[in-house]
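Two complexes follow with chain A in common, the first pairing it with chain B and the second with chain C.
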Partner chain A sequence: MNFSSKLLEDAVNEFARLPGVGKRSALRLVLHLLRQEEAQAVSLGESLIKMRKELSYCKSCFNISDTDICEICSDSSRDQNLICVVEDIRDVMAIENTQQFKGVYHVLGGIISPMNGIGPDDLNIDSLISKVNQGEINEVILALNTTLEGDTTNFFLFKKLKDANVEITTIARGIAVGDELEYVDDVTLGRCMINRTPYETVLAR
Partner chain B sequence: MNFSSKLLEDAVNEFARLPGVGKRSALRLVLHLLRQEEAQAVSLGESLIKMRKELSYCKSCFNISDTDICEICSDSSRDQNLICVVEDIRDVMAIENTQQFKGVYHVLGGIISPMNGIGPDDLNIDSLISKVNQGEINEVILALNTTLEGDTTNFFLFKKLKDANVEITTIARGIAVGDELEYVDDVTLGRCMINRTPYETVLAR
Partner chain C sequence: MHLKKLSLVNFKNYEHAELNFSTGFNCFVGDNGGGKTNLLDAIYHLSFCKSFINPIDSQNIKHNTDFYIIQGNFELNEKKEQIHCGFKKGKKKQFQRNKKEYSRLADHIGLLPVVLVSPEDTMLIQEGSDLRRKFIDTIIAQFDRVYLDKLISYNRIISQRNALLKKFAEARSFDKDAIDVWDEQLVELGMVIHEKRVAFLHSFTPIFKKHFEFISQGKEEVSLEYRSQLAGENFKDVLAEAMAKDRIVQYSTAGIHRDDLICTLDEYPIKKLGSQGQRKSFVIALKLAQYDFLKSEKGYRPLLLLDDIFDKLDPSRVVQLMELVNGSDFGQIFITHTHEERLTAVLEGIDDVKIFQVGGGMVKDYSAKSITDDAT
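And then the complex of A and B:
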């Protein structure tokens, strides 16, 4: 692409570094911003810079938070001895939306992924282990994505935690509510049979 | 979506105002920026602000340009009396890529679109007409998209220019190179028959 303006080219190139944004989409976004009020582009730019420079993390669970200890960790009505381990803030938001969890979180900040050069040392794992080793925690729920990387990370955490006096669980795998049996993959359906639950527990909900 | 941080929420909301970017994609982009070096988010933000505040337009053709008169308009090897009318800079870039046009451009900055509240007064039309009325221009090529809005704008410009002493043409409509006849729509194929060209002109290329 040959641009008639260096300013335009810079803005397009910066946009195009984002994942899933090609040069053409980047140009479309930049031209859109040019057609809007100047304030919109300025406030997008400023909020990105401010966010990146000032964003901080909860010192307890490592979720993104504007305060030292996040709202969830400082909520005394929540069970501080029940920890749900997740990959990032999106998973916290997804689980919070269900309103079915009243413990606290521990955000790993990623999952073990040798392909992307992410090892256990790049994640908030040591802090989880020392939290558990203090002996107050009753249960650690592993709630990572059900991918190869998620399973690897689950297994790594399990090995690190299994000697501590703590119950280790993972979120249920099974068929989703509303799914039809015949379209479910074999592995999932197999697990559904093995991990069947007493009907009373379903009725109780 | 409930965000645990105002800074994060602001950045996501600003991203989500862009066309084709939903809240989820916006959050994905923001989390991506958080995982990169701080410099990337800062330079994206700064280049957007600088672009929006400092970008200027060629005083002659209204294309985006860092100089008062753009490179194309100030190129003495180009025919200054042959004007190609386009919607925006993307069309200039597309036509320049073909290397088949040696005149200059006139960028309307949009097309007439009552649905989007864009009338003739919002576009760079007066300047085109006064350019043509100075009497030096030999030909005006209308190169707008072949949509209803493009056709409307073409017709509007034709009515405004038809009394001036200037040839008015539009870019050829026909089947694209590599297309198969049976899949071409009726209107286009009909035009292809009416606007057939002498075979010698094809051979001459």
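And then the complex of A and C:
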């Protein structure tokens, strides 16, 4: 692509570095910004700079937060001794949307996958262990993806925590609500048959 | 199960062809390049949704045209099944069962089982151990879904473990906890897969031997030996022992992904010492044993496709082979051959035979003395 302006080219190249954005889309976005009022482009730029410079992570749960301790961790109505371990902020948002969880989170920042260059040292694991070792925590809920890597991370955490005096649970896996049995894959359905739930606990909800 | 009628449009060298089959033997005879194997390929296509010769659909279209259609009328458990496969250049392949489109091709595979014996099969004993593992795995996976699931997980862990070993080597470090978490899962999966392979070969080998003995008239003694590092060992110990080596070579050297099937003839490896005819008999017996397994799993007889099967075999083996497949164990059979006289000679005394003369993309129904190809 030949550009008549160096400034234009730089902006296009920066956009094209974003995931899912090619050169053509980048050019379209840049030209769009150019057509808008100047204030709008400036506000976009400023919010990006502010976001990158000022945003920080909660010192307790490692979720993205504007303050040292995030809103969830500082909420005194939540059970501080019930920790839900998740991969990243998207999972926190998903679980918060359910309004079914009144404990706090611990964001690992990824899952173990050597193929993607991520080992246990790259994750927020040590802080979770020291939190648990302080002895206040009653239960750790492992809520990671049900992939091989997610299961491996669960297993790793379990091995690290099993000697501490804490209950370790994992979220239920099975048939999605509203699904028909005949369309459920064999592996999932097989596990569902093994890990049955007492009917009374279903009634309570 | 059998195929009653096959029609082709613009498939490979066929502009248009329609064939009505016998429920017993169907023979395609003709010169090289006439299109005999293409007919087998069309039948294979209706079962596996792809060609066994060339998996690229656009290259299976007749030159200078832009689509092909394969259609087959099957009878399965006394019910009619019409399978339609159409492909147009640049479009998605259409695959229909009784006029209903499949959303996933994987849903179709397995409905109409086919076993193909082709000259390329000798690769199974000639080439690397991965082909032999795949041969075993495909058969087991057909009746054991959990096996396939475990195998996929196992292979994924091996990839992750190898990546970890590479990372250790690059960083000149070693983290026991990080590798243990993979190893412990590996051990559990590996042991299950190993046990299932042992159990499978325990029941598979006698069937294979029986077929080979019949073909060779007991002249040679064959055996299949399942060789695994896990045999009689605890996988955990095997892994621990291999660790030092794994760290040097930076990949996993121990496990069921290194298993092999040693094929021997009179106690020598057939890979090195068998003649072409012996190897051919060997793989035919393997394939026929696969047929038996598939049959008992499905509860009905798969189609048997024999491509150029008499090539390299001595006359006595050919006679034995025909006697074997003519028995009650096998259902509908499709054979290709270049020599009509030789074929009619070996088929003597067998009822329910139909011979098709194939050449230049045309098929003549020879035995019925009628012309079925409208192009002639």
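We take it that the second predicted complex is superposed on the first by the 205 of 205 C-alpha atoms of A that agree within 3 Å, B and C clash if a C-alpha of one lies under 4 Å from a C-alpha of the other, contacts with A are read in each partner's own complex, and residues count from 1 in each chain.
One rule holds in what follows: contacts are C-beta pairs under 8 Å (C-beta built on N, C-alpha and C of every residue); 3 or more make two chains touch, one makes a residue touch a chain.
All figures in this text were calculated on a predicted structure; none of them were measured in a lab.
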item	value
First, second, both or neither for A:Asp126, with chain B first and chain C second	neither
Touching partner for A:Asp79 - first (chain B), second (chain C), both, neither	neither
Of chain B and chain C, the chain that contacts the larger number of chain A residues	B
First (chain B), second (chain C), both or neither touched by A:Gly117	second
Touched partner set for A:Leu8, first chain B, second chain C, both or neither	first
Chain B versus chain C as contact partner of A:Leu29, first or second or both or neither	first
First (chain B), second (chain C), both or neither touched by A:Asp179	neither
Interface residues of chain A shared between complexes with chain B and chain C	none
Chain C partner contacts - residues on chain A that touch it in the complex	112-115, 117, 119-121, 148-149, 151-152, 155-156, 159-160, 186-187, 190
Residues on chain B engaged by chain A in the complex (per definition of touch)	1-8, 10-11, 14-15, 17-21, 25, 27-35, 38, 40-55, 58, 63-66, 70-72, 88-90, 92-93, 96-97, 110
In the complex with chain A, residue positions of chain C that touch it	145-146, 149, 153, 156-157, 159-161, 163-164, 166-167, 175, 177-178, 180-182, 184-185
